[in-house]
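Below: one structure, written as structure tokens.
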């Protein structure tokens, strides 16, 4: 009996130790000694697409309080309307589509047909549908969309190729008053239908350093995401929508087996903005007329690949575009920003740190070597980062990037609407800001060498491989 | 001895498990599967009134980081001056009184007698007292008062009936830099005197789902609230106030047995604003003269039952008044807002969610059925909410209300100074914002039925029972 | 074997209990029953100075989310460039020096020689060095410097006496997105070199009430702080700085044995602002020209001992100077402020509480009796606070100060850029704000005594000892 009691205790204890380990992580969640390049650890298949999830419990996400997913929507697929408890930014990696964002109190400005014809359901059966709805926006490759916490949104793939959209959630954002977990509330469908069938991916990545926590129920993403209409009594919905019971039951979608991305039966008829960028922007400008402060008139997307956004160009090394609160005013409310970077083959980005934001990197083309350094001066990441992989560089951690032979391109998301970077090397950098005698004494070098440290690198931010004597040596590292 | 060691371990372990359970709740404190209608779980009786407490450890309060209490002050009762570490909003449910809020650095603008006569204690013994003090405000039924964190305040019941005031505390507010527990610091009296005698109410509600936590000392409200003067040496107080030792001891109130609400011996002589609302408002306006930005000139109360505040009226269904940062500017600093709602018998409020705030509901008249739905599409609350009961609807959780045969009226407090609601049904709603083809495909209905979902409910926010085909069916649910 | 298992369990358990105790502290971290006057608990010696650390795990620091250290830099000593993840304020207690703060994107406005001569390393070998760098600032006794989170900074002692600088870090500040631990990232040197040799001070203070936590690894300050260049491959640095491998290795400082404060070989040649305060201020003013909003033109230091900053003077009692967001605009961004106080022998500061900030006190001269009271009316601190000691007064906790026979002088740091204090006694105080009848009834005194409580103390904030009948009595307490 003693043994038994002990076993019982031990069992409890292990269960316990697991949960406790998790707790400590919370308290000291940025005591990071090891970061890994992450790929999706799980996915949920639906009728017309799949959503892939990066493991939210990974320490780098926990430290930054962010989450990351990727939607792959087939042509004709519709990601059902839903909202989340965090502000989010998305990036359209591939394909094209239409996105609707529902903003409370904003007018339904998109109308079909002539304005005189008011809707009359009894007359128009079978005819082309008269409709009005809130504005929708085209999504094209390179578009960054920004959506406030709690605002419902949907995406429809109206192209001929898979639409790939990555999404960044800032769960630590002030706008989220729930606990720091990303939660999705669906307005339609039956997301559980598919998610109960989901399986771990065969190629699922086992993260080194990630400990299985015995007492912890591994929660699957969207396992328990549901349609909010499902939680209301049908009778309430009958009353609220003034429809018959059968239609009200459709709102709840209990018999819906399509999952969270559904196949549209015929092409969606949506009143939509013009496809060409010029037209769209002209229309956009036209709508700003003195009341631009309201959220209804703010632009919710901006193409980060638009050449006008390029902030740094080095024809030998690459280029960087930033979308901050200045260029994309909705970001002021979301306290987020984004950047797009490109390094040509073997080019290097200055070693640097970010003063006021975490920085999530997602590689869209090629690959690069990235090194990340913590406050102990330890390399916590020193690896290739390949297309489709993610790392989070926590606030203040130092990093450096060097493109592979094929070059590299990435999108990065920052937890500040005006993320500030300090370079360590180059024409605008910390080393240049220091008096030469401080450099000489700090590094125990001669004034002459101190001057070399300050002035030898005459490029800014992005350095061409030819600028370096050391080129080639690195390859052997 | 082995057994003994085991028992000891087991005992420790249980103690442990209790505290741990609590910890996990903290980490995942909005993983809510069940919400209950709450009534006070405890109360503290004082000489001239009682304060009732809602259990702060209940999960819905923990998730939202808010607390809630109700003062019942007898005629002639004075709630002693105190301050708390959170901003608060109160609502006068019944009766009338006078409230003083002490704002550091604001002038003592209320003076008795002519201004020439300056106070001279040696001369005026026995005469009518000359006095000056900071402005005080009348409290009438329907008044919402807003008090910054740390500002001392007191309430006096100068009416003939019990004065009932409910108070909402936002412990997660940025203004509170202490941990997320509501703390009250008294400036007078001996609150412990009574609270040591307090007992659990006979009708104390045992919340289903609330686990007794073995290792946790149940902390009683105000058990250990005390008079801050009690912590200073009397000699310090003698010096600071330049009074004799006997008077200084009175500040500490150690022999005071009256508790935190005391009976005033004769009617309070207070210089006070005019009683009629018109006069009061005229005076208020008069005082705003170009320096309204200072907190000293901000209004600290606003009557939410004032018809001018009504935002939505449906003569068949009810009405809603909001007090946000626009109508009640002090709320901008407090990052809180309030709303007053009324539903006529059997009327329904649109299903909806709040984008950016938690929402605490307190019913003041009648009763209503409320349903609350979490992100899993589960109904976490589906019950009658009666006069005197509270529920918290966490941010983003969906809800619907339907008044009983007697109708319902409530006050709600929100953790955002401009709380934004999205309706799911009705003339201004998410469903109207969606293109009809998105509706048809999301819910697997025909375009015709999609149009019905969008347009059949032509009322806004509040729906009359007659508008529904389903009326009557609901009663049998 | 049973015994063994038990022992094992017990061992685990103790380890466990330790970590758990720490966790609970986190949840209820401001449930303070005892505060102690703190002196440094640890220090790290370097070649040309020492840094002393106050124990960050002490409950008063945990509650406030702040940390505190003191640098003692020898003449000719250079505190190596570093940045931290929190905003900080420092106070120069003794000596003089030069401080550089590196602000990203700000111009290198300090240039040596004529502007026409551009740097050419090949020509100028051995000549006086041409250089340009960002502005630097003189540090003199009484200077408060404010540095944003993540901004690199260094200090050089160019005087003849030890330079003593105390530094306050606000780890709970919004600007820190990492967990609530203060982290220092060095840009040079090998801080570990010395810190591995550091030992606990012989006179180390054992804090009563501080429990040794068996399972917790006591982390030593800077034990694991390191040079961020050390985490990059040398080959990367060769490329990035375009220097030879030997120089790049110097950046990493692996063979550097000097620690974090190094001895400068010859006097530093730095282009610096004029030494006299008048000249410096004139220059400062000259630079403000319509673009003052950018952080580049904001002043980063202000002398709090400058007589123009004195806010309260009582020639018999003492004086108080505040540096808030108004007088020192950088504080608006940092959400911090500072105050300097002086009490003449035996004078008293009004009992008071701070509405919206924690308050850290550091005594620079003399000593004073301080009492601190929590919401339970308990004295949590009642002791002499001597030169070099620290206490934290948590938000809303009441306190009183009385200088010893030698008088007292202190600097205090607040976690709000406009910290608001409410006095309990004196000409501007809570007691004066209350109607006399509220005072009489609250404290059960006659109206006459109530008037005495309100009006007997006619001084403001600081009270001369002679103003009190009770003087002398206190000494016997």
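A few remarks follow.
We just call them A, B and C in the order they show up, numbering each chain from 1.
By definition in this document, contacts are C-beta pairs under 8 Å (C-beta built on N, C-alpha and C of every residue); 3 or more make two chains touch, one makes a residue touch a chain.
Keep in mind it's a predicted model, so treat the numbers as computed, not measured.
If the chains shown are joined wherever they touch, the resulting network links each chain directly to all the rest. Taking shared numbers over all numbers used, the subunit B to subunit C interface scores under half, which places it in the different class.
Chain centres here are Cα averages; for subunit B and subunit C they lie 37 Å apart.
The set of subunit A residues touching two or more other chains comprises 2, 6, 9, 13, 16, 20, 23.
Residue ranges of subunit C in contact with subunit A, taken from their complex: 2, 5-6, 9, 12-13, 16, 19-20, 22-23, 26, 78, 80-81, 83, 85, 100, 102-106, 108, 110, 119, 121, 125, 129, 131-134, 136, 148-152, 154, 156, 175-179, 181, 183-189, 192, 224-233, 235-245, 247-248, 250-251, 253, 256, 262, 264-265, 268-271. Within the complex formed with subunit C, the subunit A residues making contact are 2-3, 6, 9-10, 13, 16-17, 20, 23-24, 27-31, 63-65, 172, 348, 350-351, 353-358, 371-380, 382, 394-396, 398, 400, 402, 415, 420-426, 428, 430-438, 441-445, 447-449, 451-453, 455-457, 463, 465, 467-471, 473-474, 477.
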